[in-house]
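The same chain A turns up in both complexes below, where it pairs with chain B and then with chain C.
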Partner chain A sequence: MKEIVIISGKGGTGKTSVTSSFALLAGKNAIIADCDVDAADMHILMQPDYEIKEDFYSGELAVINPETCTQCGICADICRFDAISIINNKHVVEPLSCEGCGYCARVCPVNAIKNIDLKVGQYFISNIKTGTKMVHAKLGIGADNSGKLVANVKNEAKKLALKLNKEFILIDGSPGVGCPVTSSLSGAHFVVLVTEPTLSALHDLKRVYVLVKKFNIKAACIINKWDINTAVSSEIKDFLKKEGILHIADLNYDEAFTKAMIQGKAIVEIEDSEVGKILKESWETIKKNIS
Partner chain B sequence: MKIAIASGKGGTGKTTVSTNIASYLAETEKVVLVDLDVEEPNSKLFIKADLYNKEDKFKMIPQWNQNLCTLCGICQEVCNYNSVIQAGNTIMVFSELCHSCYACSELCPTEALPMIPVKMGELTHYKNNNLDFIESRLEIGQELAVPLIAQTIDYVNNLFTDDFIKLYDSPPGTSCPVIEVTKDADFVILVTEPTPFGLNDLKLAIETMQELQKQFGVIINRDGLGDAEVENYCIKNKIPIIAKIPNSKEIAHYYSRGMLIYKQVSEFKEQMEKVKRYIINSMRGVLK
Partner chain C sequence: MKIAFTAKGKDWSSSMDPRFGRTEYFLIYDEEKDKIEFIDNSEANQEAHGAGPKTAQKLFDLGAQVLITGNGPGGNAASVLDKMELKIYIGAGDMTVKAAYEAYKNNQLKKF
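== the complex of A and B ==
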């Protein structure tokens, strides 16, 4: 069983469109994991049935009991997140600032502070239109710990892949280089970098590749909308060559991507699509390189 | 006046809007543009300005002093982030997971875990006439963006009074880094695109702004690319549409080269003028 992660550094370069195409091409051989839990979009193209829904708890939130609190102020003094303020002469916790470290509860002399478990979101296991299962999630509003929710989505996907004896796990990652991306990369066998020929995307690609190297994972790259700026496309190719990243495809700028999306389809489901054809070849290349 | 430019979905045009509106506003107003997408900052690619100040940003983490440690285990027990682990007779600190709460350090009975600074990123401040531009970038391998965002906002608020227009280019998503950026803002501009993904993620961003009780408006980028659902949704829910930037290969091309678009494309400039008027009117409303 091989884990393939699709990331980009910069957002909006086409990660989800590419992942959904690979999901169609892999069909029943793959479990799909949407690890972009902040802004999950795979469900729009995969027709999930939300067979299993589970709440996900991670982290804590301090709550002060006004009955027992003596307003001594020790909690506010030690809190490094300025999360405890005085409103109407009473100490209260500002939930959006509290990072759930639990320090205040430990030092409160009258045990007036409790930590409650925080529901940070929900995750789902669905049957999808390709005849397999997808694990996906919805992060709660303003929730911390998206990295842990990502790790959870991945774990569930891994369990399913082992149980159902699947060849691949296809993981749609999130933008950036922080905790959700680190969680998606950990344990992966192959990374597909989806980029576009803009200076922003190249800049972000270079940064995220530093992270990929730390994990020592084999990487390949797809340049989406390569014809928007062929000069920057060449710059990207130079970078790929220098770093030994496999360049698997150039995709034309094609508004058919969006048209397919509006119909709830991946681009490979559109007949005679040039980009669809290239993605089919790309999937074959990835399979060859992964084994 | 503090305005956050956010989106939910990545790649919808936050940086395009931030850099263009900042430069355009700076032709007549005092403006500070702050790139708070510290994981992948790229406003600098579009802004030509001179270096004014550069500083390393640190976060505090515990450092184990073997000679003072009695291996009592309290540090590991009080750490809610698994960043202090006792392994045999060693205490290991995983700095990338540490939230700098100080609990382990201050609750250690023998003071064996003093807090020391580690570099988590760099802040750079540039100047160009009316425009101050500040960006912070997270060291790769550091997982937590929030402390760096918080220190960058502190830097800006210490240096600039609220009669400056402060524009915060936010990271994508709806989780903690976005909250950190938007909670300090007077209002929020959400940039989206007219596609099913754009709409789905716009709804998430709107829920977040409602939870934070923030005033917000929407800019539709690449208007004409997909369908009319985003616009219909905004009209139905009485959400102001501040501007509609046309879908254009020309705009995409200037963006790809790191150029400011309003200086090249008049249709684009008209939309920036709308955003400018919206900001100035809101500012009058806020300052009243």
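== the complex of A and C ==
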């Protein structure tokens, strides 16, 4: 069972477009995981049924018991996040501002403040249109991400893949280079870097590759929209060559991606698509190079 | 040498956990005393933030001199582990703890 993670560094380069295509091509052979929990979008193309829903708890929230509270105001004074205000003459914690640090609960002279576990989202295990399962999640508004939910999504996906004896786990990774990305990468066997020929994409590609290299994971790259700036595409190719990253394919800028998306389809589902054809070849290349 | 393994179970036959910060267990093997103990690390995964540094601190408290794991610690954990005199070996993510130890002894693992 091989774990393939698709990341980019800079967001908006086409990770989900590529992951969804590979998901269609892998069909029943793969479990899909959407680890971009901040801005999940695999569900738009995979038609999940949300069969299993689980609440996800992360961090804590301070809650003031209005009956015990003497309105002394010490909590409001010490709160570093200005999360305690007076509403209708009562001290209340503003849930969106509270960081769950617990300082107010400590200093309250009458123990009127409790820290409760905070539900920040949900994760789901769905049946999807390719006849297999997808693990995905949705964070609540203003909810804080970290490696935790990503780790949970990955663990569920791995459990499923082992139980159902699947060959691959395809993971739509998080953008950026922070803890969610580290969490996406941990345990991966192969990384596909999806990039585009802009200076910020190249900059963030290099940053995210530092992580991939440290983790000693084999990597390959797809340059999406390569023809919008052939000079930067060249720079990217030089970087890939220097680092020994397998350069799988260049995809032309193609509005067929958007047209497919509007129909809720991955590009490989569109007949006679040039980009679809290249992605089909790319998937074969990846399978060949994965062990 | 005291060797720490990131593991999914409590004994030699358990699978290695490729993760560091949110690893389920640590198996600590004391080579001199030929003793093995396991440490439950699941509360690190309860943490929203700071799992890496917290787990690194735990490793420090356990007095390990070698860490064998899958891909290695992420950035935040690595900064903490850097301050310890710890040798980290990676590439054991898909092995059992026993196989990982053999691979380490046979110089088949990569240094982080």
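Please note the rule applied: the second predicted complex is superposed on the first by the 240 of 291 C-alpha atoms of A that agree within 3 Å, B and C clash if a C-alpha of one lies under 4 Å from a C-alpha of the other, contacts with A are read in each partner's own complex, and residues count from 1 in each chain.
Basically, contacts are C-beta pairs under 8 Å (C-beta built on N, C-alpha and C of every residue); 3 or more make two chains touch, one makes a residue touch a chain.
Just so it is clear, the structure is predicted and the values come from calculations on it, not from any experiment.
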Fit or clash for chain B plus chain C once both are placed on chain A?
clash
Name the contact category of A:T195: first (chain B only), second (chain C only), both, or neither.
neither
So, A:S273: does it touch chain B (first), chain C (second), both, or neither?
neither
Which superposed partner A:V232 touches (first chain B, second chain C, both, neither)
first
Pick one for A:T130: touches chain B only (first), chain C only (second), both, or neither.
neither
For A:S184, decide between first (touching chain B), second (touching chain C), both and neither.
neither
May I ask you to name which of chain B and chain C touches more residues of chain A?
B
Looking at A:L211 after the superposition, I want to know if it touches chain B, chain C, both of them or none. Which is it: first, second, both, neither?
both
Quick one: classify A:I78 as touching chain B (first), chain C (second), both or neither.
first
Scan A:I44 for contacts with chain B and chain C and give back first, second, both or neither.
first
Once the shared chain is lined up, is A:S282 touching chain B (first), chain C (second), both, or neither of them?
neither
Going by the overlay, flag which of 21-29, 93-101, 165-173 or 273-281 in chain B ends up clashing with chain C.
93-101
Shared chain A surface residues [contacts with chain B and with chain C]
59, 100, 144, 146-147, 179, 182, 211, 214
Spell out the residues on chain C that touch chain A in their complex, using ranges where they run on.
18-22, 45, 47-49, 51-52, 70-72, 74-76, 78, 90-91, 93, 110, 112
Could you please specify the touching residues of chain B with respect to chain A in the complex?
8-12, 15, 39-40, 42, 45, 78, 80-81, 99-103, 106-107, 138, 140-145, 171-177, 179, 183, 195-197, 200-201, 204, 207-208, 211-212, 225-227, 249, 252-253, 255-258
Contact set on chain A toward chain C in their complex:
58-59, 100, 144, 146-148, 151, 179, 182-183, 185-188, 211, 214-217
Chain B partner, complex, touching residues on chain A are 9-13, 16, 38-39, 41, 44, 59-60, 78, 80-81, 96, 99-103, 106-107, 139, 141-144, 146-147, 174-180, 182, 196-200, 203-204, 207-208, 210-211, 214, 225, 228-229, 232, 253, 255, 258, 261-262, 264
